[in-house]
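Heads up, the next two complexes both have subunit A, just with different partners, subunit B and then subunit C.
Now for the complex of A and B:
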């Protein structure tokens, strides 16, 4: 079964060796990714199908609470969402309960506008509500009187917002988030508009109950969710002039290898532990 | 009670209500309001600090109770809709309780601002102290303070420019609403907007064509010729837009298209300003990039920590690990490919990774989380009641 020295080495591999393997694997997969057929999760498909059926001129609210800390997952989701809304001609208002998030969201919208080549103008086709401190109060006010909550932000002049008096007149509320801000919406939305969530992978477990109970119209989870959204975009807009695949697909292969390294290292560490235990060395 | 539940319309306005306005908010009176609020807050804090110590606890508990009750009442009051679609919650016919929500929210924002100010003061105290005492880490304190001041100064400059842009946007909207002639300023902005849209068109085509060229779906000659076509098309768009602007000037009435171009011009003008570019350099290219780099390091720590900590020492730990592995793999296409040879229907399909993962999530994970959430909710309710009533240790008391 090999020498004890070998198992001891496997039992306590230097962290720098693990770091090096991770860097090599991720770099290799970023440069030469392995593509595999994507099986779209039903939760992602539900969210996509709901938005895909919206009509030109419909309005949705997007609460963007992600920043650079989770951009690996959230940025891909947000960009895919923007692409769909812009191609469908759906208007959107972006708000946030994170001070950094509106700036980042604004930059990403500009990026998508340039990539899509659709003249989506701020204040005309979409509006930036910006940062709202005191999340509880913000959500309560949005549900009770969206007009009064957004008026001080000077965005109610936007043509698509002039006739909006209540949240129930919007076609949906979409949260792109890496925090638990969705809980405030579960508690307060009172079924006024369909609620949708794009979250990080670690948040999937806690939000699945709300999807199965249909409190969430759809749920997009992590980088896989972004890839699902991109896959569905490619199915609906197959013309090569469209950019459908970006971060979602690009991150899948490096993510797989990073996770596999994690799994393999944990399994090998455990095998080494069991062998050494049997030999009375651990 | 029936009267209470009758969803009567409340009086039109109350002292909580503020007038609906589309005018820019950040005007001179707004700053005077900030100054007034600041002075009032200081006076209040001074008064509170002078309160005898035996009265402090009841005051703190009283304010906590009232603040919490505000939201409890907001939650419990029946809501109705007025004919214009506004949601109202009449409080025994006196006033619409919901009108108070933004006001209370703003009070809370002011308090949050004061907490932030306390944090900044604390940073100054610690790091200026280190600088003056020539502490061994004084250099890092210096870097922190320089970064802090640079971000504040350039951020405020950019913020200040934002007022001017907001006023310009309001002028454009007002001109459109009142069907006014195109002023020189709006015409100039619209031309700038036309130029920026033409630039955006070229950028968009370049992105698409570069991708196709990268995929070897275009030759170099085709790429060059399509780029040249895109430039011509952008030029045509610019000319058409400029003609639209000129025709609106000639007719003496601003059109929605010209207003939209002017709005795009406001954004383009903002982006070209030095204050905006400096802020972008610090925030977007500096802070955000470093932030992302720092968080990317977590991947290395997770790998190292998982390798060292996930040692299977019991049956439960083995089950947990196997479950985690299956769910993990189900979220990656390459993981799903491991069992893709199994049929999609029939008995064998139950052993596909997505089927096992779906069963684990729906049948094991979701009910467990619901149970945890229920327990958590009851615990939070009890905790909230204790805090509201001043029974919780550490809230206004150290008993």
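Now for the complex of A and C:
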């Protein structure tokens, strides 16, 4: 079954060759993506449906803990979330436990406002709570006395926040995060408001149990979750004037090819190892 | 596009006009024009990826610039977003103006500063014990929250393990089923969930020697299921890493070189 040299070569392919194949595949698919029908995950649909059923004027809290290091996944999720909230007229407050995250979130909100053409004004329709240090105490304070926690940031005079005295008066808490900050909310929220999570794919395994136990109202995972959200946006807002699809759909095709390369490499590497072991060469 | 935009602030840490303008919504530092910003960002992105070939000085320079930018930016954010609005302003208060209400001063907050500075005694061999005071306060605050935290996080997990395993309708699945209906597929799913929970738990029974064949086989099954779980985590980790690269490839090819449509 082939010469030993062939299997040895396959077993010890230089990593740079794999990188080159990956770069070629990804660049090809970024430029010429293949479109395929998306099957929306139930966890993504639950999150979308909950937010889609909110009324105009409802208020949600968004804890945005992502920065440029995970924007491939998080930015697509965040933009899709912003589109839905703005189209529904839902007010939102953004807070963060990462010093860089509030500025990035603010820039993305401005970007979506321009793209959507909806006059969503800071301080009137949405508010930026900004950065809070000491995540444990911040989350505890938000649950115990949201007004006291947010007042020093000067945002409680926003019209939609003036009536809010407790977290239970908000219609939901949504975390867009690439860190374990969600654990603090599992621990401290005490069922005061429905909790939702938009996380990176690497966090899916550890957070899915909280969705099955209903501690999470819905869960959006990685670029696939962003694509799910975009698909649901397109179903609810089919009018061509809306921009529904962006990074989520665009990144699916390159991601598929990259993952196929990974699977093929692992399978071939293992076959080569087994063959060489049988021949006493490994 | 490399730029910094100030966030809306109700008040500011410095009194000069420049710093006051920083607090205005539409004011920002547009350091570079957009094409120049894109060019530098693209070159730096490529610089970071040169590591894939081998370690080199260009990669090191770019890496240090990124780290320096992030650290410097975080320092500014901590001053503007934390030290001023959450500590300094409540401590010194503010006289009322036409636009802003009065804030009463609480000078007792000043006592926190020397307590915080005690942490720097960690560098003193003679008085290092003083650094334990602020650390003790922080640990005490954290530890006091842990009982509630554990209850809030894990009790719902435990209660969700109590799942019905006998179907009460003999259909495989129902699209719009009534509350309380348990189909065959749901019952099977629950059985898998409960069995997985029990066999994985049995793997962690370290308090006594596992002599029983039943416990041994259960623990072995639990070990295999844990391996499946780790495989899932590895797969999803790769997904995240690949998407990071895809995002950068999109930035280089579409945003910078304009080789394709944006959506």
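Assume the second predicted complex is superposed on the first by the 282 of 282 C-alpha atoms of A that agree within 3 Å, B and C clash if a C-alpha of one lies under 4 Å from a C-alpha of the other, contacts with A are read in each partner's own complex, and residues count from 1 in each chain.
Methods note: contacts are C-beta pairs under 8 Å (C-beta built on N, C-alpha and C of every residue); 3 or more make two chains touch, one makes a residue touch a chain.
Since we're looking at a predicted model, the values are computed, not measured.
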With everything superposed onto subunit A, say whether subunit B and subunit C fit together or clash.
clash
Return first, second, both or neither, reflecting whether A:194 touches subunit B, subunit C, both chains, or no partner chain.
neither
Touching A:148, do we find subunit B (first), subunit C (second), both, or neither?
first
Just to be sure I read the superposition right, which of the two partners does A:39 touch: subunit B = first, subunit C = second, or both, or neither?
first
Report for A:71: first if it touches subunit B alone, second if subunit C alone, otherwise both or neither.
both
Check the residue A:269 against both partner chains and state whether it touches subunit B (first), subunit C (second), both, or neither.
first
Considering only the touch criterion stated at the top, classify A:172 as touching first (subunit B), second (subunit C), both, or neither.
neither
Would you sort A:248 into first (subunit B), second (subunit C), both or neither based on which partner it touches?
neither
By the touch definition at the top of the document, which applies to A:128: first (subunit B), second (subunit C), both, or neither?
second
Answer with first, second, both or neither: which of subunit B and subunit C does A:117 touch in the superposed model?
first
Where along subunit B is the clash with subunit C: 9-17, 63-71, 207-215 or 333-341?
63-71
So which bits of subunit A does subunit B touch that subunit C touches too?
19, 22, 69-72, 100, 103, 107, 122-123, 133, 136-137, 140, 152-154, 190, 201, 205-206, 209, 212, 221-222, 224, 243, 255, 258-259, 262
Subunit A to subunit B touching residues, read off their complex
13, 15, 18-19, 22, 34, 36-39, 67-72, 100, 103-104, 107, 113-117, 119, 121-124, 133-134, 136-138, 140-141, 143-145, 147-149, 151-154, 156-157, 159, 165-166, 169, 190, 201, 205-206, 208-209, 212, 221-222, 224, 227, 240-241, 243, 252-253, 255-256, 258-259, 261-263, 265-266, 269-270, 273
Residue numbers on subunit B that touch subunit A, as the complex places them:
20-22, 24-25, 71, 74, 79, 81, 84-87, 89, 98-99, 101-102, 104-105, 108-109, 112, 166, 169-170, 173, 197, 200-201, 203-205, 207-208, 211-212, 217, 256, 260, 263-264, 267, 283-284, 288-289, 291-292, 295-296, 299-300, 302-304, 306-308, 310-312, 321, 325, 328-329, 331-337, 340, 354, 361-362, 365-366, 369-370, 373
Would you pull the subunit C residues touching subunit A in the complex into a rising list?
4-5, 7-11, 25, 52-53, 70, 73-74, 77-78, 81-82, 85-86, 89-90, 141-142, 145, 148-150, 152-153, 156-157, 159-160, 193, 229, 232-233, 235-240, 242-250, 253-254, 259-260, 263
Within their complex, state which residues of subunit A touch subunit C.
16, 19, 22-23, 26-27, 30-32, 69-73, 75, 99-100, 102-103, 106-107, 122-123, 128, 130-133, 136-137, 140, 152-154, 183-184, 186-190, 200-206, 209-210, 212-215, 221-224, 243, 245-247, 250-251, 254-255, 258-259, 262
